[in-house]
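Data first, discussion second: the structure below is written as structure tokens.
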Amino acid sequence: MSAAAVHSLWTTAADPISKIDAPKIEYGQLSPTLIVIGAALIGVLIEAFVPRRSRYYAQVFVSAVALCAAFAAVVALAAGGYGTTKAHIAAMGAVAVDGPALFLEGTILLAALVGLFTFAERRLDPAAHGNRVDSFAAQAASVPGGEGEQAAVKAGFTTTEVFPLLLFAVAGMLVFPAANDLLTLFVALEVLSLPLYLLCALARRKRLMSQEAAVKYFLLGAFASAFTLFGIALLYGYAGSVSYARIAQVVDGTVSGVDPALANTMGNDALLLIGMALLVMGLLFKVGAVPFHMWTPDVYQGAPTPVTGFMAAATKVAAFGALLRLLYVVLPGLRWDWRPVMWGVAIVTMLAGAIVAITQTDIKRLLAYSSIAHAGFILAGVIATTEDGVSAVLFYLAGYSFVTIGAFAVVTLVRDAGGEATHLSQWAGLGRRSPLVAAVFAVFLLAFAGIPLTSGFAGKFAVFRAAAEGGAAPLVVVGVISSAIAAFFYIRVIVLMFFSDPQPNGPTVAVPSPLTMTAIAVGVAVTVVLGVAPQYFLDLAGQAGVFVR
Amino acid sequence: MSFPLLTATAALPALGAVATAAVPARQRTAAKWLALLVSLATLALAIVVLVRFDPDGARYQLTESHSWIRDFGVRYELGVDGIAVALIGLTAVLMPFIVLAGWHDADPLETGSRRWRPTQGFFALILAVEAMVIISFEATDVFVFYIFFEAMLIPMYFLIGGFGDRAHSQGEEAASTQRSYAAVKFLLYNLAGGLIMLAAVIGLYVVAGSFSLQEIVQARADGSLTMATSTERWLFLGFFFAFAVKAPLWPLHTWLPNAMQESTAPVAVLITAVVDKVGTFAMLRFCLQLFPEASKWATPVILVLALISIVYGALLAVGQRDIKRLVAYASISHFGFIVMGIFAMTTQGQSGATLYMVNHGISTAALMLVAGFLISRRGSRLIADYGGVQKVAPVLAGTFLIGGLATLSLPGLAPFVSEFLVLVGTFSRYPVIGIIATVGIVLAALYTLVLYQRTMTGPVKPEVSAMPDLRVREVLVVAPLIVLLVFLGVYPKPLTSIVDPAVKQTMSDVQQKDPKPAVEAAK
Amino acid sequence: MNPVNYLYLAALLFTIGATGVLIRRNAIVVFMCVELMLNACNLAFVTFSRMHGNLDGQIIAFFTMVVAAAEVVVGLAIIVSLFRTRHSASVDDASLMKL
Amino acid sequence: MENLIALLIAAPLLGAVVLLLGGRRLDAVGHWVGTLLSTASFVVGLVLFAGLLGKDAEHRTWTQHLWSWIPVGDFQADVTLRLDQLSMTFVLLITGVGSLIHLYSIGYMEHDERRRRFFGYLNLFLAAMLLLVLADNYLLLYVGWEGVGLASYLLIGFWQHKPSAATAAKKAFLVNRVGDVGLSIAIMLMFTTFGTFAFGPVLEHAGDASEGRLTAIGLMLLLAACGKSAQVPLQSWLGDAMEGPTPVSALIHAATMVTAGVYLIVRSAAIFNGAPDAQLVVTVVGGVTLLFGAIVGCAKDDIKKALAGSTMSQIGYMVLAAGLGPIGYVFAIMHLVTHGFFKAGLFLGAGSVMHGMNDEVDMRKYGGLRKYMPITFVTFGLGYLAIIGFPGLSGFFSKDKIIEAAFAKGGAEGWILGGVALLGAAITAFYMTRVMLMTFFGEPRWKNQPTKSPEAPSAEPAAEHQGAHGEPHPHESPRTMTIPMIVLAVGSVAGGAFFDVGDRFLHWLEPVTGHSEGHSPLSALTVTGATMVCLVLGVGLAWAQYGRKPVPAHAPRGSVLTRAARRDLYQDDFNHVVLVRGGEHLTRSLVYVDHTLVDGVVNGSAAGFGGLSGRLRRVQNGFARSYAVSMFGGAALLVAATLLMRAV
């Protein structure tokens, strides 16, 4: 390295200090995120200062209020036209405020709210020593089955930290799909992941599995984010910037003011392609696409069911949002490079998810694999790379997330002495015991299977149509075939619930508090409404189909 | 905005289903009566449709059209032509008898909680099926049709899997496993067909940019819409596959015997007499009108498949030991005739096929329901367990014989008219196929008479010696059907006059003319 | 000296880290390997920053460190609780859930 | 007056409906209702007949259009009735003989608890048969055609509790169905050829159609005729059909239904005239059946089966005649009518004999019955003389005409057919004489030996007269039974002469069927002489074998031919082995195929996915590090693929 260069480095490094001017932040437009983060911090303070017995109520109250307020803010922004006409980049190019962002944020917030209800449920587990308990460990630090734990249970501890954690995760999810530069993307990714790792470890029952799930999720997640980061590094190296707009320009070659260094790296497509591949891989990990899906079943099974529901719904939404933005804003110029690859991924994901699910015996694992298959379906829409594709994916995500939360909420109801009875054999004859619950679950399954008049069908139709119009007809065929395969195991569960006789010492269906009931009711309502009269929501998604760049 | 008659016809049973399902567990009988009344009311509405329909009027009448899902280009479009009217009539007519025949089929067993209400569920599901069938007959929007064509599967599935014959030879345990096998098989078969059709539906939209049957046909007629030959063929196959599964056409038929065998007689009738008709109806309405060229292209293969179904189904019917399976295979043979008539592309063939749908519905209903009464008395489906019944229950035997004679399409009964029309229609264009198809006539006589001989004649088996004859309720079910069979056999004109114009329309859509006779002078 | 060499180094470190994740059993070590990968990324960032002559890369490097630190907090918490439960930090022991 | 035509059918149809739906309360009067209505139909027939005679020969065709049946495009089937000389002849035969047999059945079925239903079926048969002969188009004829098939099915299987009866009924229906296929194909051919299938246009324009098509139609019609009229190769059902009550055998399987085939051919004269090949086949079928039936008739010891064989053979004569074309049509019908008389008479006689013999049908257990049942003996004897063609009796005229016509066909055909006809006459004489001798002459072979208890306890009335066991006491039958026999006997004596004098019948029928005098190589006298010789030969042979020496009470083994004839020349065995066995194998294998192959593919694919799933899920082995490996590999693949995409 020549001395001059080194010197120049120093000078450029030393110079600008005087030139730094305060960044301009549009607090109003970032309000949803800010509200949630603020509430999370308050939650932390509550943990610190509010007496133990009233913490639960305080936390639930704060979180609920925050989520509602954030959602109100989103609605206000959308109403203010930020989704369409006034869409622009806020916070010095860090965060985009546009249709997709607002739509996804809204979806995430509602999902989070419903999820919150399931988090706060305290009627299902039998009261321990006169204290109502939720589905989280009394004291996560204590050894399972150790006297420490017993003491904690006796004392009626509950891990109210879950609520701030939830809020932090939500905050990350809100930023994730809106992030407009790779750094923000990475940070958001970590902010949404880390709380989830912890939440996974907090189950009250089956704590070994819970901890195992946490470890697996954590290690693999960290592994994946390392790849993501390296990808970011390469892209930065290629474009000399991490802002989406800039990179896009460089990719298209429409960039202005090319200095020699940039000219040099621009020539090197390997940087671009490898970087893109690694970055996309990080996101595919989050959405659980084959072959980056393997964490999904284990984590879904081990994590506390409310967490699983929330995670399965919201994370998918956020991750797909980010993926969409990345592919549509940053890499459209590279469409011909990434589309074939994504084709492969989508096909493998759809088929593998559907096929492996056939032989599952645990309801939560079953749903995990089904979520993998669904990731495949959504990818088909992502690949369309048309405006319809975007809105189709948005719509699908909205519908899917509520079905998922609802389904897992139902799972929390079916219990025996050992907690939730998740083995399929235990679900035999549920329809005889409690027809209503079985019927509701059947509705969710049918929605998953994409039977007409459910949100599942509308979403699937939208996505496949977009794919077909985008010239991905083979994907549609594969999708159709794998839906047929998938139908098999959804049907299997229904058969089990309705046509096989109940076992003598089978599980009982706990009567939940209004919280879970609301969660399930919302799930059913959304499923039916989006299935029968989806027009309004399609309009929303349609308006939200344009990214700002 | 006039009264939405078609919507009402479909909505009434739908609401009835909800109401029936809501009847509290105790008032089981109330639920039954409610269901019966609703089905009768629906029949009344169907009759109104029949009256309001003008055979020589517009192609589609009583049309309704509302925006539904704009983004998918889906409009809630209903409208009936003669063919649809006939089939709606069939559905509405059969329903009360199905309800009446299933009166005691769903009285709950001991097991289950107090909230477990099988009876209410049974009748609610039946009504739900009726609603969906009717609306899929009415839909002139491909998407609307598809939705209900698919959604129909779910209530059917629960009807098959949830309710079976009471007494079962291998005990309740085996029964329930076989039932759920049959139900799953039914659902997966049809779902697979439906999903492949879904791909085709999407493809159609991508190509045509609309789901409206009339718009597309219009556009194709005036050349504003052209399809690449290969595209049209693929789409056609996508549609046809689904309908062929439903119809069911060889070799996609194997779900039917299981389904009919395991379900109670009324449900079996519901499957073969009503639900399956949607498949053949859709071939006539959608395959031919949307893809005329591809239809002509595929005709030879389809005719051969139909021919195979006719002979194959009949032969297997001969070989069955189980009464219901026998009827099922007979139905497969008959569906072969229907498909053959549709794709013979002659006026006689297609009118015959339509009449066939109606007549087969009635005749199968008669035969199957009587068979159901028989089975419920002895608690066995095996032919070998019966013998000499006509000695102890002459009325039952007599009605059974008439049902059988209708099935072998004896002249003077309704099925003869349709079967002969189909044969003539086919023969006039494809003589060889027509002649081979006549084998079906002989075989039909064989399996019917063998069935009758084995069950009804000969020395009285001790197990059946105490068998009671038909009860009033059962006579009420069978007698009207028989009257209908005779009436439509002697005077089918009311039906043909409704169906004919629609068929002529379809023929012109496919640009087909009947072949001219060799000696014009005679006409 | 050509900055590209630093990139090669970064790639090497990254690969070493990745390999470590794949072959080591002890959760702590695995986690350390992840950290190694992150550091490799940082190296790459700084190098590119140097090549392009702007500061973004260096700034990102700082962010990465912070994130890594946070990850450590969470990670160690989880791993330690697992260790206390099972008296082993081996990743392979944690395989209750499979198939 | 045309409007009365429908009444012909309506009356018995009403009877059928009333009797079958009426229920037990009609049991007491049911038989009278039935008889009354059939007689009513007969009366209407007479009235119409008078009406027709009132017109001159050209205007003796009346049609009555009732309603439009199946109007679909060019396919126009109407319910229209047509009464002309031909159908009139049949109407009188059907209603006349029918009414007599109704009367006979009153006595014969007296002790059957299901007598009401029996009469219902009989009326149903009459209605269908009348529809058959009155229909104005082939499709409507088809309805009657299958209608009589149904009635015959019901009546053959009337004693359903006897498995043999049920089987025989089923067999009859099935064999007929095979024939019906022929009819339906013929109708389809007509539709594609003429665009219609109404008698008027079709027969009028038959000439315009190509000979090929006409031949095809003709052969298909012949197939139909074979089925209904028990002609080779579809004759096998007639023998078994004797399981039915004897009046049924008399009415359906001797006098009326089985002759429908002849009606069909004669009715379609115009078509056959245009298709010589078809005609040749018809004559051949007729000739073969003529001999076949006769030979079978010689070997049967069951009196009804012997008569059945004879029926077959006599119809063979008619078909042969019909096949000869214009020179034969009239005589075919004439023989049909006379045969209607004497064969019905013979069957009723046989029934009366069985009535007196505890339902014994084996002639080897008869003998010397003339003393015990004189009326039966006389009537039966007259019928016998008529059928063998004893000079002056009806059979003589009708059969003689046919033989002449056969020779008149000319050429080698003529000689062959004529020879066959003559031979047939000889054999007829033989087997009928055999029946006569074994039944009414010789020593009684039923003394002091209990007859087997009848298979149908409730069925044949004699059971009451005698304790079913113990030796029978032959006796004359009640008047309701004897009167019809007497009337029919009169018919079979006088009928022929009445028709022949001044060619009454010829002139009557000619306008419909057309007629042309064939010029036979032999003079009429020679033919008659030859016939007489054959007759004497046959009778003499029979007397030599059964008259001179006593008849063994148990059938001797007999010659190869005899044994073959007893088993219907093994034709049934052939059917059994080839069709029944083969069919069973076919269906059984198909059931297997359907289960393993067609269904197997589906279940197999399902199982396949299951197995694949089972194998795939093993990848999920629970070890975090292996998951990491898959991720790492995935990342590598992704990178590689992306670079590859750029490379290509």
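In order of appearance the chains are A, B, C and D, and numbering begins at 1 in each one.
The rule is simple: a contact is a pair of C-beta atoms (placed from the backbone, for glycine too) under 8 Å apart; a residue touches a chain by one contact, two chains touch by 3 or more.
For clarity, every value in this text was computed on a predicted model and none was experimentally measured.
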Inset, instruction - Check every other chain and keep only those touching both chain B and chain D; list them. - result: A
Inset, instruction - Identify the chain pair with more contacting C-beta pairs: A-C or A-B. - result: A-C
Legend entry - Centroid-based (C-alpha) most distant chain relative to chain C: D
Inset, instruction - Take the average of all CA coordinates in chain A, do the same for chain C, and state the distance between these two points in whole angstrom. - result: 24
Legend entry - Centre distance in Å when chain A and chain B are each reduced to the mean of their C-alpha atoms: 46
Legend entry - Whole-Å gap between the CA centroids of chain A and chain D: 81
Inset, instruction - With chain centres taken as the means of their Cα atoms, state the distance from chain B to chain C in Å. - result: 65
Legend entry - Sites on chain B at which at least two other chains make contact: 188
Legend entry - Per-residue overlap in chain D, given as positions that touch at least 2 other chains: 606, 617, 620, 622, 624, 628
Inset, instruction - Could you check chain C for residues that touch two or more other chains and list them? - result: 18, 21, 30, 91, 94-98
Legend entry - Chain pairs that touch, as defined at the top of this document: A-B, A-C, A-D, B-D, C-D
Legend entry - Sites on chain A touched by chain C in the complex: 1, 8-9, 12-13, 140-141, 143-144, 183, 186-187, 190, 194, 197-198, 201, 207-209, 211-216, 218-219, 222-223, 226-227, 229-230, 232-234, 236-237, 240-242, 259, 261-262, 264-265, 297-298, 301-302, 365
Legend entry - In the complex with chain A, residue positions of chain B that touch it: 67-72, 111-113, 115-117, 146-148, 150-151, 153-154, 157-158, 161-162, 176, 179-180, 183-184, 187-188, 191-192, 195-196, 198-199, 202-203, 205-206
Legend entry - Residues of chain D defined as touching chain A within the complex: 606, 609-610, 612-614, 616-617, 619-620, 622, 624, 626-628, 630-631, 633-635, 637-639, 641-643, 645-646
Inset, instruction - Could you please specify the touching residues of chain D with respect to chain B in the complex? - result: 67-75, 79, 139, 142-143, 145-147, 150, 153, 157, 160-161, 163, 166-167, 170, 173-174, 177-178, 180-181, 184-185, 187-189, 191-196, 201-202, 204-205, 208-210, 213, 583, 586-588, 590-591, 594, 598-599, 602, 606
Inset, instruction - Within their complex, state which residues of chain D touch chain C. - result: 617-618, 620-625, 628-629, 632
